[in-house]
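Take a look at the following structure, please.
Chain lettering (A, B, C, D, E and F) follows the sequence in which the chains are written, and residue indices restart at 1 in each chain.
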Amino acid sequence: MDERLTVLVVDDEPLIALSIADALEEAGFAHEMCHCGDSAMATLGDRDPAFCALVTDIRLGKGPNGWDVARHAREIHAALPVIYITGDSAADHSAYGVPESVMVQKPFVAMQIITAISNLLNVG
Amino acid sequence: MDERLTVLVVDDEPLIALSIADALEEAGFAHEMCHCGDSAMATLGDRDPAFCALVTDIRLGKGPNGWDVARHAREIHAALPVIYITGDSAADHSAYGVPESVMVQKPFVAMQIITAISNLLNVG
Amino acid sequence: MDERLTVLVVDDEPLIALSIADALEEAGFAHEMCHCGDSAMATLGDRDPAFCALVTDIRLGKGPNGWDVARHAREIHAALPVIYITGDSAADHSAYGVPESVMVQKPFVAMQIITAISNLLNVG
Amino acid sequence: MDERLTVLVVDDEPLIALSIADALEEAGFAHEMCHCGDSAMATLGDRDPAFCALVTDIRLGKGPNGWDVARHAREIHAALPVIYITGDSAADHSAYGVPESVMVQKPFVAMQIITAISNLLNVG
Amino acid sequence: MDERLTVLVVDDEPLIALSIADALEEAGFAHEMCHCGDSAMATLGDRDPAFCALVTDIRLGKGPNGWDVARHAREIHAALPVIYITGDSAADHSAYGVPESVMVQKPFVAMQIITAISNLLNVG
Amino acid sequence: MDERLTVLVVDDEPLIALSIADALEEAGFAHEMCHCGDSAMATLGDRDPAFCALVTDIRLGKGPNGWDVARHAREIHAALPVIYITGDSAADHSAYGVPESVMVQKPFVAMQIITAISNLLNVG
């Protein structure tokens, strides 16, 4: 049984997805990767044990965008830590983001993702 | 010219709407009242100067619900203070609420609304 | 059925207890009053529906003190808003207080109590 | 001996000063009023017991402005609650404000001041 | 003289204690290790300069548990950063934890501990 | 074009400046270094794109100190993350610091700086 905390990463830009995956592994997190919103929606519903966090880009090509994916993720797991990554949609966070989520703007360093997940996982 | 801060209250239950309106007036706020989501959406777009805050029930009968109204309000005014009132939808806040919003559960006292608006208006 | 939110006030100083009770009533809260820790412990276990908040002095004469009462209250209702009132024990809060509680030092104005309860009841 | 909590209000606009004073009294606070920065600086140094909070306009005519007054107040009492009131200087708060202070923009309702003081006085 | 920040780690599970110790060293912290509550209580009282943080498991076999150790630590050093680690006692945090503490649930990654200590050490 | 996030580090102690620079590079940040307040003030005004954060010691020898540098930085970029480093001026933060800044006391570990910058860059 894999007891490791697993983060779902949703990004259609391979280079960014890779750098996030590397940082997660180095910090001790496992991860699964989805490259579009549809596969992310499906993956969220299937998984047991649940993911420990969602890291998602906003623009995901055709299909659901990152706002949609996060909303669906919170329907399944109300306390899920959510981190959005964006180049140009930061201003939309106040209308489309979920509560208690974190918005990371590009360019960013990987530690911003790790710090955000850690803060959201820690209670109190 | 009316310089008073004006709160948009959206509720289809007249007694609750009235008690909120009374508390707002006593605290020095002006208010406008909408009884359904459609009129709230229209009112938000028209108003100048903008409302200082939105207080909305979640269930609003036919048409847009409170989650929809708040999202639309934030599209227009990204920093608008948003307070949701609900009897039974508190668990949905983490999936459908907007960031930095406050959820007030029934039964409540009017001071919870006034305190929530004051906190969200105050900077820092 | 009384749907009003009810605050448990625990204080062995009648004048302070009275001023808190008045402020709670004016803000729309019902209240019950206990004058020692033992009766507070008993009252907490019996009540249905649960209290919406606990306001307790630290020094309560013989028997359990305010720290004990709050810990017991949180055993029963993990999310209960807790407000401590004290003249001289504020420095002990970091060792004996419960998480997410508020410490109000004497002298105080009643609005500090009302604001503290409102903030702790409001979600988000 | 007056045990009441006393707020220092610094404002050169009599109508606004009066409305703040009324709200403070109604909430149970005593207050002292200064109409310019120089008298505020002098009053801060003299007072014993210390003020429980400072409410200051930014523009104060000739002499020290509200940023100066607050900095001086914090030199004397490092934990003093500070509330700034402004019509047009809100954008300067991030450069000239003191940490853990609150900025209230005109127009405002008096409850914003009372809520801000209460939050800053309450510990935890 | 050792100027390094030193964390007290209290855990009776050698593997977890070791992984925390490794992460602390890698982040630049020194550490001392205790394997039961009694030795932790004794170590806290003796140390000069004081520890910079306490990381403690809740269940510690015979003797004081992690809640007791943290309360004692805060009696000695009121502002000490406290991080609890637990597999099954997270629900008890609201009754037995100290204010401003962080609860980390197993399984966890070491960065959650480092982030928690850093946040609690940083002022403002 | 260098898309990397660049931190301005202002410190007149070479060893500390070097350890901060190393930690920033390891975390993926670029940095520029100033050894006195005057050069920091000049550098802040010139740079395009803007720095992503300011890390400054308080005592900087002759010329502007860290409080002055941070205030000037916020005049230029109102939302700039500001981290102060100090051995003995922590008590002055409440009077001279800018809002939403972080104070790191010596001795410290580099991760405190990285965590502080990450938290201040992340929105929400």
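To be clear about the criterion, a contact is a pair of C-beta atoms (placed from the backbone, for glycine too) under 8 Å apart; a residue touches a chain by one contact, two chains touch by 3 or more.
Computed from a predicted model, the values in this text were never measured in an experiment.
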| item | value |
| --- | --- |
| If a chain touches chain D and chain E alike, it appears here | C, F |
| Distance-maximising chain from chain A - centres being C-alpha averages | D |
| Identified repeat of the A-E interface (over half of residue pairs identical), from B-C, A-B or D-F | B-C |
| Self-contact between copies chain D and chain F, residue sets same or different by half | same |
| Intercentroid distance (Cα basis), chain F paired with chain A, Å | 29 |
| Mean-CA-position distance for chain D and chain A (Å) | 43 |
| In chain D, residues with contacts to at least two other chains | 93, 97, 99-101, 114-115, 119, 124 |
| Chain B-facing residues of chain D, complex | 90, 93, 97, 100-105, 107-112, 114-116, 119 |
| For the chain C and chain B complex, residues of the former touching the latter | 3-5, 27-29, 114-115, 118-119, 121-124 |
| Residues on chain A engaged by chain B in the complex (per definition of touch) | 71, 74-75, 78-79, 91, 93-101 |
